[in-house]
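If you scroll down you'll find the structure; I have some questions about it.
Going in written order, the chains are labelled A, B and C, and every chain counts its residues from 1.
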């Protein structure tokens, strides 16, 4: 790949200074940039790096003087972080998947594969599957009977899509993700100890009942348009209705969605998030890495939860949460302050007891 | 698939009201049920849903009046949650895996495959493997040399079973699970900083020793009958003895069992649970999602731990645990109450200091 | 495999007592050892086990009297835990991967495969890939275009290595690991609610902005020599620079490294650890199971964090950390003590109020 500085400027709607005809073949951090790299120096802290590297062209922070920085060409963009989107989209070569269906792929004759699809080696596609036009499916993927995938999907190596899953357009799925595994749902003939513990809030239960009987997952998974699923994430099918993910929602790596979970639109679930069965997550929610959400609860629209927050009960819309158990961020910060004051208060109480009670038996 | 209401009633041992000859082809939640769906309305809250949907037959809550609900047939069951087990087992079509061994599978000539086995495309089965009768093995599974799997296994796509693993009958394994990876066990020629930190309970250690040398896992994995393993879960082999899982125990998705771990019978480990090396989990234990258990400890029979509980030391049988670090649920709830009272107590102490010491320098 | 006691002694630099010509074919715990097993009894607590088992030879604790223990041969080693390394290395048969390239493998003609490589069934190797001599690559592995892997790699079944990844010598990768998935990086045209929440420390934000636009990962992954990656772990590629792992660092199962993360040398990351994007982990760090580290921070050299520690801000070199949020271990232990004293202090304050204020309205 190679681009002129003018090409990049057009893609980013950026202003060009200097020689826009310089050809670049890649992007790099300023200090490690070679002469054909576009240096990414959107902050004044990178000035030193530019001097160390060999870039002739750079994207600069607003107000930078490109000439004294020793550059031959410069781009300035209004919101640098957003410019990264356009720049990386331009420069990403994408995975190499040869056009057509690889000779080794096992595609059921009843499957419908859209125009322009590229299907890699050792892919298995089941009966009645429908895959939209322009799909790119890397090696070792399996898509089981009756599933439907929209246009322009990019499914990386080793993804497992179970039976009767429905997915919208422009789906991106990282390697090893499993969509449509069976739910984890077991029931006992009589009330179980877990049901009792929940009802009694923790009294020890004498009764023992663990004849776990399987509830099968006859529901499926429904995924909207423009969804992305991370590497080795797992999404269980629903018991009766479908587990669902709304349009434009993105899941990071190793995320777990239990059976019947519903995730809204425009939501981000970061690495290792786990959502237990039948919980409903709203629209525009952001859950940081390792957040856990209990089963059968509701997390409202626009909720933001920091890393490792453990959400054990319903969260109203718009809250910013942190902690285990989850609390509003203000409460979490107050709790931390109180915590740090506690040793001093303990000293105070000891002094008060001495003064008042003349009877300090505290250790 | 299609069933009469009488068929369903026989499977569930349910009482039938109305026209038991109505044919149903699926199950659905009341509001979205079509005329050929059996509506699942085991609670009075679903009455409204029944009116919105088009179901002619439903499973109803005890005491419901099926006729005023507009139904033509109804089933009543004593424990509705348990009825879900029989109903979904009846209606689950199961995965489509063609009978026989797919032409593309690579099966070592010394492997023994039981009668009636169905083995999918691109499966690899190593030397000396024995697989019981009636096994269903989906695409892309690998089973390494010397492993033994009992009768009627259902192994989903992309599962990895390492060498010399032994698994009982009726095994169910969701996609992408890894059974028999090497344990994570490294040792230094001299005492390591981790050993020192544990011994000294946290003093900073000046000595630096991190020449990690690998301890190989020459043990294996032994799994009992009627065990289920979730999608992308990982179970390491033992160092000398086998990592083991008892009969009827179920693991959810993304669960991690370290080397030498022993899990008892009838135990449930929910999504993203992690058990560190050489720990022993008893029988009939239930660990909620994201629970972590430290290495080399013992969690007794019948212990229940809520979501995200971090178990750092031994737990006696029968306890209900929550929190980080794990405490008895009563303690956890008391801790929460004390926590909420703390700001008020801090005010009290401030007032007391003013009254008694006339010396309130508190901020 | 079979060895004489003398063979084992030579490998472990151990002292031999009794008949060093006894042939052993395996290792076992004392109580379950057969006559051809070497019993591992490095602690006096195993004396009883030796009596129960049938071993003729054992590795014993320092000072043990092998003759009264009924053995015919014994080995004594200075640091028993370290001896496990040599012993298991000697006895591990390793995975069976037939020499040469399996007929079913799809290897791009432009790929260079080193001498002595063993490549299993259904492996896919892309254009321009270079694999060092002596590599062992098990079934179903995919290695995408332009990746480079050093000498003597052992890559287990179903591993996914993306494009342009660079890996050093003696790499060990457990099944199902994904190296080089796309980073989880999205940006909004305007400032997002997450950026606002971070800036305002938690005030609820009215503005809603969730037009997530993808930042592509045009960086790669660079891995040093002697690195091991656990089963189903996921390592994302960098945005511009490479995500990197230093020499001799080991990752356990289900570990997640976000984009741009840098992990130093000789570091251990235990099961289910998650490191968010752009964070830097030093050398000789040990993070226990389920530890989480926030994005864009620095964890210094020689830091040790106990299981489930949640590191939300920078940690100086040499600290031993625990808790959520992470604190120095001494603080964590003090916090626990204070916590347990809190109910008694609350009683004290109540008594003081009664005595001083004659106005006890506390509940």
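As a convention for this text, a contact is a pair of C-beta atoms (placed from the backbone, for glycine too) under 8 Å apart; a residue touches a chain by one contact, two chains touch by 3 or more.
Since the structure is predicted, the reported quantities are computational estimates derived from the model, not experimental observations.
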Contact distance in steps, from chain A to chain C: 1
Relative orientation of copies chain A and chain B, as a Cα rotation angle in degrees, nearest 5: 120
Rounded Å distance between chain B and chain C, as computed from the means of their C-alpha atoms: 23
Multi-chain contact sites of chain A, meaning residues that touch two or more partners: 104, 122, 140, 158, 176, 232, 254, 272, 290, 324, 342, 345, 349, 352, 356
Chain A to chain B touching residues, read off their complex: 104, 106, 122, 124, 126-127, 140, 142, 144-145, 158, 160, 162-163, 176, 178, 181-182, 184-190, 193-194, 197, 201-206, 208, 210-218, 232, 234, 236, 239-241, 254, 256, 258, 272, 274, 276, 290, 292, 294, 310, 312, 324-325, 334-335, 338, 341-342, 344-345, 348-349, 351-352, 355-356
In the complex, chain B residues that touch chain A: 26-29, 32, 40, 79, 81-82, 84-85, 88-89, 91-93, 95-96, 102, 104, 120-122, 138-140, 156-158, 172, 174-176, 228, 230-232, 248, 250, 252-254, 266-268, 270-272, 283-284, 286, 288-290, 302, 304, 306-308, 318-320, 322-324, 328-330, 332-333, 336, 339, 342-343, 345-346, 349, 352-353, 356-357, 362
